[in-house]
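In this document, chain identifiers A, B and C correspond to the written order of the chains, with residue numbering beginning at 1 in each.
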Amino acid sequence: MHQFLQQVFSGLAAGAVYASLALALVMIYRATDLVNFAQGEMAMFSTYIAWTLVNAGLPFWGAFLITLAVSFVGGMAVERIVIRPVENAPILTAVVVTIGLLLIFNSLAGWIYSYTLQEFPSPFPDRTLFGALMTTRDLGVIAVTLMMLVALFCFFRFTATGLAMRAAAQNPESARLCGIPVGWMLAVGWGFAAAIGAVAGIMVAPVLFLDPNMMSGVLLYAFTGALLGGITSPIGAVIGGLIVGVTENLVGTYLIASQLKLTVALILIIIVLVFRPNGLFGTAVVRRV
Amino acid sequence: MSETVPAGTTEKLAISGGSGASIAAWRWLGGAVLIALAVVLPFTLSNYHVFQLTQVMIYAIAVLGLNILTGYNGQISLGHGGFFAAGAYTAAILMHRYGVPYWATLPPAALMCFALGVLFGLPALRFEGPYLALVTLAMAVAMPQLLKYFDTWTGGQQGIRLAKPMPPIELGTDRDRWLYFLVFVVLLIAVRIAANLLNGRTGRAFVAIRDHPIAAAAMGINTARYKTLAFGTSTAFTGVAGALAAIVIGFVAPESFTLFLSLSFLVGSAVGGIATIGGAVVGGFFIEFVPNFANDISDAAPWAIYGMAMLLFMYVMPRGVVGTLGPWSTRHWLVRATQQFRAARDAKKM
Amino acid sequence: MAAILELRAVKAFYGQSEVLHGIDLAVEEGGMTVLLGANGAGKTTTLRAICGMVRSEGQILFAGRRLERCTTEQIAGYGVAHVPEGRGTFIGLTVEENLRIGAYAATGRPHDNMQLMYGYFPILAQRRRQQAGALSGGEQQMLAIARALMMSPRLLVLDEPSFGLAPRVVEAIFGIVERIKREQQVSVLLVEQNASLALEMADRAYLLETGYVVTSGSAKALADDPQIRRSYLGY
């Protein structure tokens, strides 16, 4: 029982990271019907920026905040410069652009920072709590993720820009008629997604060790979590990410060793999707003919 | 009077009357030229280049499979690398364990992958868009892991090493060229089958389902059956390509069939033109040559160059090379060229 | 009176097809102009051309400004409030959020305008926290008009406000629109299928047929014109 709770809790911590990246994916999908395959690599690149700042002597949380700001601007720039040319093209074209972006970020990171695994500092002390039930690190990750989610919720609920972004995502044409610069709202959305990704990367780097391929597995789990929760639902993304994290941990502990863990976890989740083809909280697209 | 008839008038005449015949004639001629080129080329190039062109054609067959499913039928697949692997390993196991001659492994590979595709396509009926992407992604991710797990059959991590086939002595060609022509013949057959399928009733049903599934069902098209058929046909093509890859390279291992391969097929498909047949060949060229080319430009960050090449192609030709240039060329350039020729000829007669 | 909106030789295109072939029309400041015509005549296209939503040629002048090269957002910022065909309500947002969005381009304080809107449309005040998608058709139309007015526009553009609504509801809505026009000094450009009702309220009218203006004049004059009947019913 004790081990079970332990695994659940550490699964929640991993799940918090997946949930963050899943939220980033959903944010972009809601606005553009596009899955940003480069989200993981962008997060990885942000994490390298944080690592560079920390190595230069900045305190951890200072580097953290600066990285978030830089990632936000970077995400906006990516949308305005790279994605905008294909905003009216078929979806597959945009998908290929994100795949290209994935390769570019991965390759650039390898070139600038090399492929050697690097240690990434954790801001949380290395202790266990409640009789070895959970670690402070896991608790810290969950806390940071929670705070980020609350901040985002408040932004979208209570600010004018947040409202404008929601409107622009729901109904771009009507939003334009209200004077909302939809293109820039999209860019801000990408900025947020990039910042959220940076948080995910920074939280997971101490465990996975920093290297250019660090986020590829995370992206896969995040994508799965987002779909499990419902690709159009932000709450679903978070819950889906958490479920995937816990499932991955439990499958790894009780069912099968690491090699097939991913396959089994995926299959389990797909079985759930067979019964709920739009995810747990997703809404079916009702098409009027 | 040697006055050329103004372009506007002849254009209208040509569109209504002669252009149909002239386009067909141009297509036939173009096809014949390409085939002649493909037959002559391997005798002018080095062994390595011939091998590369063989790879191009193998990828073309694989991408053609993807085009059938995603381009013509609208079902996205991120998992075709997995079906490619299935075909490759089917051929490899048949050759290695049961001593089946290499050319005889192609039909079983096709059948096996067709069955796999149908098996996959049935539950896939429930999914659309990103959900379908995930389900097919699972295939791509699971395949290398499953291949490593069932190692008594698949040779596990080490893979299976195969003897490269020897060409029949009577022909006097060497191995690389023999394999080139083998793949070339299979490519021609594949293109022929695809063209017949896609230009006929089945193809029209596929496209109807892609563009408006509700209307298609209302017209009496059995969407479930056609979607599953599309899946099976698509994976059969890609599976045969995989089998050919096993034969030509002489080695299969799980590391060759990662998610990146599936993504490469998708990229090749988009670059060539997702709902075209000719685009598959363009895609094959892209997948084979651009990474090498990128390596030449920068060996520090070659994949970044590859990624930038993808971006460039998508910006300039969002519908793919054949998707963008195809309609343009047949409608405008060729027709105008024919008109001008005819106009000049008629003017001389006067 | 001066014209607040003027179209001169405006053509509009969907892709390569030309669908408006040189439209001339004007909306007087403080007045109401109605565009009539059968389905496919080009009425909605004209409105979309004004708001920069389709490719167009020709001159579009609004309060002395040329609108042809502007984006839709910019045009809204200049004071053109467009209620599109089908209302364009943000069904995922609440009534109050819809109104707040309407004020994005506003110059005045949103709170003042909101009280004003609740005054004109009391039913919206009652339903302010409900999801906009749960409102009835008539209520959504009211919400759409209120949303447009939140930006204190100089020109209100309405595309088929009576669409899908019961006659009583339509009359009520039109009554409110007329009141607003008077009290807030808003000019109105109205597209309507319901010709008789529209002609009762409007000052000027234009009749469109397959992309051409075939008749124009004062609303009273057109109300007796047999061309309108011919255009709609074919006899």
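What we mean here is this: a contact is a pair of C-beta atoms (placed from the backbone, for glycine too) under 8 Å apart; a residue touches a chain by one contact, two chains touch by 3 or more.
Computed from a prediction, not measured in an experiment: that's the story for all the values here.
Student: Centre to centre, using CA atoms, which chain is the farthest one from chain B?
Tutor: C
Student: Is the C-beta contact count larger for A-C or for A-B?
Tutor: A-B
Student: List the centre-to-centre spacing of chain B and chain C in whole Å, with centres computed as mean CA coordinates.
Tutor: 51
Student: Centroid from C-alpha atoms only, then distance chain A to chain C, rounded to Å. What do you get?
Tutor: 42
Student: Using mean CA coordinates as chain centres, what's the gap between chain A and chain B in Å?
Tutor: The computed centroid separation for chain A versus chain B comes out at 34 Å.
Student: Okay, in this complex, where on chain A does chain B touch?
Tutor: 29, 35, 82, 85-86, 89-90, 92-97, 99-104, 106-108, 110-111, 220, 223-224, 227, 231, 259-260, 262-263, 266-267, 270, 273-274, 277-279, 287, 289
Student: Quick one: which bits of chain C touch chain A in the complex? Just the residue numbers, please.
Tutor: Within the complex, chain C touches chain A at residues 51, 53, 71-73, 76-77, 81-82, 84, 88-93, 97, 100-102, 104-105, 147, 151.
Student: For the complex, which residues does chain A have touching chain C?
Tutor: 160, 163-164, 166-167, 170-171, 173-182
Student: Can you tell me which positions in chain B touch chain A when the two form their complex?
Tutor: 70, 76, 123, 126-131, 133-135, 137-138, 141-142, 145-146, 148-149, 214-215, 263, 266-267, 270-271, 274, 300-311, 314-315, 318-319
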